[in-house]
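Labels run A, B and C following the written order; every chain starts at residue 1.
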Amino acid sequence: MKQSHVFRSGLLGLSFILLVVALYLIFIYVPTEKTMGIVQRIFYFHVPVAWVAFLAFFIVFLGSILYLWKRQSKWDVIASSSAEVGIVFTTLVLITGSIWAKPIWGVWWTWDARLTTSLVLWLIYVAYLIVRSYATEEQRGARFAAIVGIVGFIDVPIVALAITLWRTQHPGPVIFQGGLAPPMLLTLLVCLAAFTTLYCLLLIQRVSMKNDEGEIKRLKELCSWGCD
Amino acid sequence: MEGTSPASQAWAIQVQGLTKSFGNHLALRGIDLEVRQGEFVVIFGPNGAGKTTLIKVLATIMNPSSGRVLVNGLNLKNNAEEIRRRIGVVTHQTFLYGNLTTYENLEFYSRMYDVPRLKERIHEVVSMVGMTSRLYDRVGTLSRGMQQRLSIARSLLHKPAIMLLDEPEMGLDQPAISMLWKALEIEGEGKRTIILTTNNLERGFELGDCLLILDKGKIVYQRSTQALDLADLKQAYQHSTRLEHELLA
Amino acid sequence: MSFWRNVIAITWKDALSQMRTKELVSSVLVFTLLVIVIFNFAFGASQETMRLVAPGILWVTFAFAGVLSLNHSFILEKEEGCLEGLMVCPISREVIYVGKMLGSLLFMLIIEAIALPIFAFLFNLILSLQLVVITVLTTVGFVAVGTLFSALAVNTRAREMVLPILFLPIVVPIIICAVRASGLALSGEPWGSLSSWLQIIGAFDVIFLVVSFLIFAFVIEE
């Protein structure tokens, strides 16, 4: 128990430091981009958050496979926690995309390839969470969600491919393109590290909360049957 | 030892340490059971005791969480399809398609079970349950009692050695119940092994060779009918379902 | 092989059931036509505009009709525990998947075979072999994934709502490709320009036939 506490506190500290450094880099260190101006800085939020959204779904995928294979609830706990954190990050992708689009293109939404794929990912996350809550029993919900997690993850590359092909035929406003100067690359990498660490922290917190909830349920169940 | 060694052939069903959990809920908590070929086992128990879960596991509809189940010497885990060939299942749901006729329903199941000489067999089982006149009627137009009789006909198509019956009387009136039991009394095809779950103590006592009481996922009482009379059984039932007991000697 | 014999038995049983209750075929058909007509009023524009939006209208219609028919597939099995009846038969779980999938495929192809000529008539378009191929390929994708989700959705509360929420996001890629390819087909483009879209639909079909085949057992077994 103590070990995990130390680990978690360490992770919290690391996460905090990285985020502070990232903020510094984004707002103070990195030079302003010439065509888009200050708004471009949102790029350093948007891309890492999108990366995490997809990483989270990959974890959902792995957890789902392991759950169906081993039938141990710990894998389902990891999968569902990752889905909850993941949908938050996916929402942030959509929001940051929107914040970028408005000043540059004058519209709240562009059917940009990455943004659109993120929207579909968001819908798949929603499907995952809805299936859990609409199942008649908890264990069924976990099993059904695992199936959605597996099918959904396999679907995402195909979605990305189809949407990208669609957009190349009908080009429209694109969010980010082009190469990166060294200071921009550095900033981006640090932000990637910061948000990934944040994801890990949130995931672990959520997993331990769910484990505690599960433990309480198990104890309640034992007591209602009369302790053996 | 799996496979069909002579020793295991004598046992129709062997259950060792069977548990079944649904998330945090333990429906079956370590069932040990041995049923001989040709034996008629009746399982009583209050609602939620796990009777239906046990039948579903034996019928290969549900997977055990742990433990071993052998049916005719075959392991449930590896030989589920083979096992299904040898069991007939009747529950309070009839497994019949309402907008197909009696004949079409039975034809479908005959195909699924690879029943030889399909037409003949269908006529045979239908007359066993006294439903020949309704052969070409849609099942949805039949009364509940008739549908349940038909369900028994369905389960007998492939001449199963083992019958699993989960509260087949549910929702039927008295005349229908009598017809139901008449349909099950079919001999002449060898003595079947039957496992029946019911809430009806009198009927179970009348029919069974061996009686079990299941409560909260455990067998709390097991006796052969010969060693018992109805009053004892009733007392035992009230006693064991109010408190939790270990297996009585 | 007994696998295919049993599959055909299940598909035939479904087909028989549908022929009996003509309600399903006719109601999905009427629904399909209504959606096409309503879209027509919604856009109510020039011949030129309608040409442009026609493929989109077609595929939205087929997607919704697909949801209706897929939903029905396992609702049929829920009554009187028929799905358990199938699970008790000496067949593998995969036989059930393929049997039901082919049943839904047959049903949807019949609906589409009737709806497409009517659609061409209302929009003054020419049907071509290309359009037929696109329709068949995309429908296979619909039923590959839809059968899996239908079996799942029927075991939830609010089953009519759960299926579209699961199904529609997953089939987004083939809807996009079908719409694009249909647009090209209706403009009389050669097969070459359709190929990249058809390849994606084809890949989707193969991938999800295999994936659904493999995980179907997990949906129906506790």
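As a working rule, contacts are C-beta pairs under 8 Å (C-beta built on N, C-alpha and C of every residue); 3 or more make two chains touch, one makes a residue touch a chain.
Predicted, not measured: the structure shown is a model, and the values here were computed from it.
K.L.:
Which chain lies at the heart of the structure, taking centres as C-alpha averages?
P.N.:
Taking the mean of C-alpha atoms per chain, the most central one is C.
K.L.:
Decide which interface, A-C or A-B, involves more C-beta pairs in contact, and give its chain pair.
P.N.:
Comparing A-B with A-C, the pair joined by more C-beta contacts is A-C.
K.L.:
Hey, which chain ends up farthest from chain A, C-alpha centres compared?
P.N.:
So the chain farthest away from chain A turns out to be B.
K.L.:
Go ahead and note the Å separation of the Cα centroids belonging to chain B and chain C.
P.N.:
So the centre of chain B lies 39 Å away from the centre of chain C.
K.L.:
In whole angstrom, how far does the Cα centroid of chain A sit from the Cα centroid of chain B?
P.N.:
49
K.L.:
Take the average of all CA coordinates in chain A, do the same for chain C, and state the distance between these two points in whole angstrom.
P.N.:
Centres of chain A and chain C (C-alpha means) sit 31 Å apart.
K.L.:
Among the residues of chain A, which ones contact at least 2 other chains?
P.N.:
Counting only residues that touch two or more other chains, chain A contributes 139.
K.L.:
Can you list every residue of chain C that touches 2 or more other chains, as numbers and ranges?
P.N.:
Only 222 qualify.
K.L.:
Using the touch rule from the top of the page, what residues of chain B touch 2 or more other chains?
P.N.:
Each of 22 in chain B touches at least two other chains.
K.L.:
Going by the contact rule set out above, which residues of chain C touch chain A in the complex?
P.N.:
145, 148, 152, 155-158, 161-162, 165-166, 168-170, 172-174, 176-177, 180, 196-197, 200, 203-204, 207-208, 211-212, 215, 218-219, 222
K.L.:
Report the residues of chain A in contact with chain B in the complex, numbered from low to high.
P.N.:
Checking each residue of chain A against chain B gives 71, 73, 137-139, 142, 214, 217-218, 221, 225-226.
K.L.:
Which bits of chain A are touching chain C when the two form their complex?
P.N.:
Of all residues in chain A, those touching chain C are 68, 120, 123-124, 126-127, 130-131, 134-136, 139-140, 143-144, 146-148, 150-152, 154-155, 158-159, 161-163, 165-166, 169.
K.L.:
In their complex, what parts of chain B are in touch with chain A?
P.N.:
The touching residues are 22-26, 65, 216, 244.
K.L.:
Can you tell me which positions in chain C touch chain B when the two form their complex?
P.N.:
Where chain C meets chain B, its residues are 2, 5-6, 9, 13, 16-17, 20-21, 76, 79-82, 84-92, 221-222.
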